[in-house]
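Two complexes follow with chain A in common, the first pairing it with chain B and the second with chain C.
Entry: the complex of A and B
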């Protein structure tokens, strides 16, 4: 059995990628299983999805703890402990990262274990669509290539899964085109199915009773959300072009996270430690004074403190 | 005889009044309405200082009750049957907040078909909600149990809400003498509510019942509720001792009646246990060595006390005034589970289903229970579930079916 784990941010398409891969494997006659896990649905929040491919019925369920392949849709997730990108990643695990850096450059910047391959999927999408968008088809195609599925089945799987999401035929075809390009371009790394992990009995602990101040699901630390710097969620950042700003305050009003403050002369100031990069301000700005710029480098732009 | 004549409902209202509650969100439902009517009257007249608020449903009522308790107020409310079910999801939230309010449930069988009379499928539907449960046999016990419930609920070792249950009609509308404890003594028994983990202060906000993902914190907090509920067994024992010192009345988690030399034991709960005791006396008068075990505390489940009372008996009959379709009697399952590891467990365990929808439990039915249980003990093989439903009753039933049928069908 091959176990593939996708990591993305809400809206990037990690879940759909896991389904494209599952459907493609199914179309080739394998037994497949795919499933996502996510918290309260928020654009930008860490999301994981899992695909298992086998020749025999699959009796595993839920999270993939020991992946053969990890597909990372957003390099900033690697530095976010909550995303657990590196869980179960060993020397033999193949890791794909969506990044403009080469595998060598990326390895030099991070101390990522596993056997690395990279490709700048975000750039491919920006080139073809002229804006950022979900990269599910590309992630599915890359994963399909790395596990050795045929391009034809990926093509068909993209059609099925994106039609399920209600995409128009023309949009599906454009996704198939960029997926094709990703499939052809990604540098393959052979996947090895490693020796089974030894199983150690869990060391159980019986918690003692604690007074309700500790034993109740209760948060007393006020205003602690400031400590959770969500700036690392961005793949794109809103940037002000001061000359174009008419001082209308609409960006301030629309910002769902309250990270835009206004100066005395009516110019927005963005708190990049907490801006999640939703681009609603860019969308709402009537004078195009806010533009979306891709986070630089493509490596780890941010780390949890 | 000492005391005053009052219904179980009025006794419940007095329990809230003597507990000096701060807040009463209310919604009426038969057979509970008299409780909230009495409290409304007292709050209106000023003899009670509580804030009384009528709500638009039991769901809102329980939400308001839990939210108020989370601010540190002492809260009382009451419902029944469909109302309890309508409030059900909120029960789980309130226990998770560890907000120790007291809810009186006046048992009434659940629809459908709809009825007004009691059985215990309503209150037992809440058995896994994290609310503790005390089931009362008499009007006096209703009042006393509310005082005891607040003291247990508000103990730092517990901090869980409590349901005090009484049977509709058989207690709710039944008058009998009830001794009213003196308010000064109640104040001595029940100190002011000053929870460390609850309260409302604008300068120190806190969030309760926060979202947790991944299962680990959820497991921890749910397990804490289990430990808190289990702590209530010891806290009940201390509380019962303090109550007895002040008021002279003794309550335990279970009550044994003529158990000393009993070969066979009948297990019951709530108001019909009084009739069960009469039936025990009648059977004893004819030389049958039988006794009765009344379960007073249902949550936490007093497994040790139950084992202690039932070990070495020849046969045990559990009379469930409830029916879990596809399973049988709810309490029978729990009794059976807690006797499994008992080496000296009874040789036969019998399940009887009776008193559904308020159907009377007759002397004849009790006699049948004792006879069948004794036979099961001799055979060393349990029986049931046996429905307590007679030939005469079935003739009435057939008449009703004839009347309900379309002509010619």
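Entry: the complex of A and C
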């Protein structure tokens, strides 16, 4: 059995990628299972999804704790302890990272375990579509290539899964084209399945009940949410071009998270520790003084303090 | 002609923040944008009574984005919770155990699932009793926190997880959006208003006006939702702007039941608004559903004809 784990940010398409991979394997006659983590799949927040592929019926359920392949849709997730990208990753695990860095550069920067391969999927999407967008088809294709599935089945799986999401035929075809490119370009690394690990059943604890005075969660602090940094949610960051700014305040007014403040001479200051990268300020700036720049530098683009 | 008295220029919007960052609400959340602007008028001396919904994520334990207080309730009971809090504050003040200047504004936060469906009866009760509170509904037209299931706020023609496009119903949702504004207005509370995040001065002005009234003050905030409506998060203000400019989201207020439209849109074709969002994509692709689009347009036209005539 092959166990694949996808990590992404809500909206990037990790869940759909796990489905594309599962469907492609099914089309080739394998038994396949795919599931996302159930929870708040928020735009930008860390999400994970799983695919299992085997020749025999799959008895294992739940999250993939010992993956053969880990697909990372956003390099900044590696530094985010909440995402648990490295959980169960050993020397033999193949790790794919969506990054502009080469595998060697990436390893030098992050000392990531596992056998690494990288490709800049975000750049492929930006070039073909002219804007940011979900990379589910590309992730599915890369994962399919690494586990050794045929391109034809990936092609068909993308058509099925994206049609189910309501995408137009023209969009599906464009996704198939970029997926094809990713399938051809990614540097393959052989996956060793090794000796299957015995599965230890999870120990469940009986819940404890407390009277409401003790059992109710209480927060006795004020405005302490700032301790939680959401800067790692970004795949693109807004950057000010000071000469173009006319000091109109619109970026400050429209920012949902209140991370833009204005200086005395009416210039915006962006709190990058908390900016989620929605790009509302970039869209609304009347003088194009705010531009979206891709978060660069691979795994060290951002780190929880 | 309706005119803003307090907020005439963008730079009059207070720069002090009262909803702090670090919440795990989606990037580009239109509901958070409205709440943040509203809080600039409400200030810090507030007790938020939060019905379960997306805004549950505001104060995810052990963090809170507020300097004021926050009480969490079930989806159906936030206005009842607000009554309890208001009574407790009043009793403490009457007994001299809480100085009057430390009084708090009681503000219910509820999504459309709570507001239009589950908390409708407890809201009606609170309005009937004339409870002195604010009600802030962040309306993203579906049960967003659980994966965009149909609510009675979902408009005709939108595709949701529980109203998909089918052979029988190719347009998706077949029901019309419930007119909660009129349901509230039938109770004749002192103040009701609709707001949209792309119209910040209109929003701030309405909260400033509401502060003069004792009793229920209700707000319906358009919460353009990139995650559920399927558009790029950066387009939230643009989607909100088109909702207003096409006439689908009228900006209005009702003082003691008397309705005034605070902004008269140019009534762009509804198509401009629908086209931006993935939840309406099936109306245009693979085949254009002219009848459904016409139906939406006719309802908007009929509304504006009725209110202007």
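Some points to look at:
One rule holds in what follows: the second predicted complex is superposed on the first by the 281 of 305 C-alpha atoms of A that agree within 3 Å, B and C clash if a C-alpha of one lies under 4 Å from a C-alpha of the other, contacts with A are read in each partner's own complex, and residues count from 1 in each chain.
Basically, contacts are C-beta pairs under 8 Å (C-beta built on N, C-alpha and C of every residue); 3 or more make two chains touch, one makes a residue touch a chain.
Keep in mind it's a predicted model, so treat the numbers as computed, not measured.
Of the two partner chains placed by superposition, A:90 touches none, neither chain B nor chain C. With both structures placed on the common chain, the touch criterion links A:222 to chain B and to chain C.
In the superposed model, A:188 makes contact with neither chain B nor chain C. Of the two partner chains, neither chain B nor chain C is touched by A:152. Once chain A of one complex is fitted onto chain A of the other, the partner contacts of A:213 are limited to chain B, with no touch recorded for chain C. Between chain B and chain C, it is C that contacts the larger number of residues in chain A. Shared-chain residue A:81: touches no atom of chain B or chain C.
With the contact threshold set out at the top, residues 40, 217, 219, 222 of chain A are in contact with chain B in one structure and with chain C in the other.
Chain A contributes residues 10-11, 40-45, 131-132, 166-169, 217, 219, 221-230, 233, 248-250, 252-259, 261-262, 271, 274, 276-280, 282-284 to its touches with chain C in the complex. Contact residues on chain B toward chain A in their complex (touch as defined above): 96-98, 156-157, 159, 195-198, 204-213, 217, 220-221, 223-224, 227-228, 231. Interface of chain C with chain A (complex): residues 10-11, 13, 15, 17, 19-30, 32-33, 36-37, 57, 59, 61-67, 70, 145, 147, 159, 165, 197-198, 200, 226-227, 232-238, 278, 281-282, 285-286. Chain A meets chain B in the complex at residues 39-40, 207-213, 215-220, 222.
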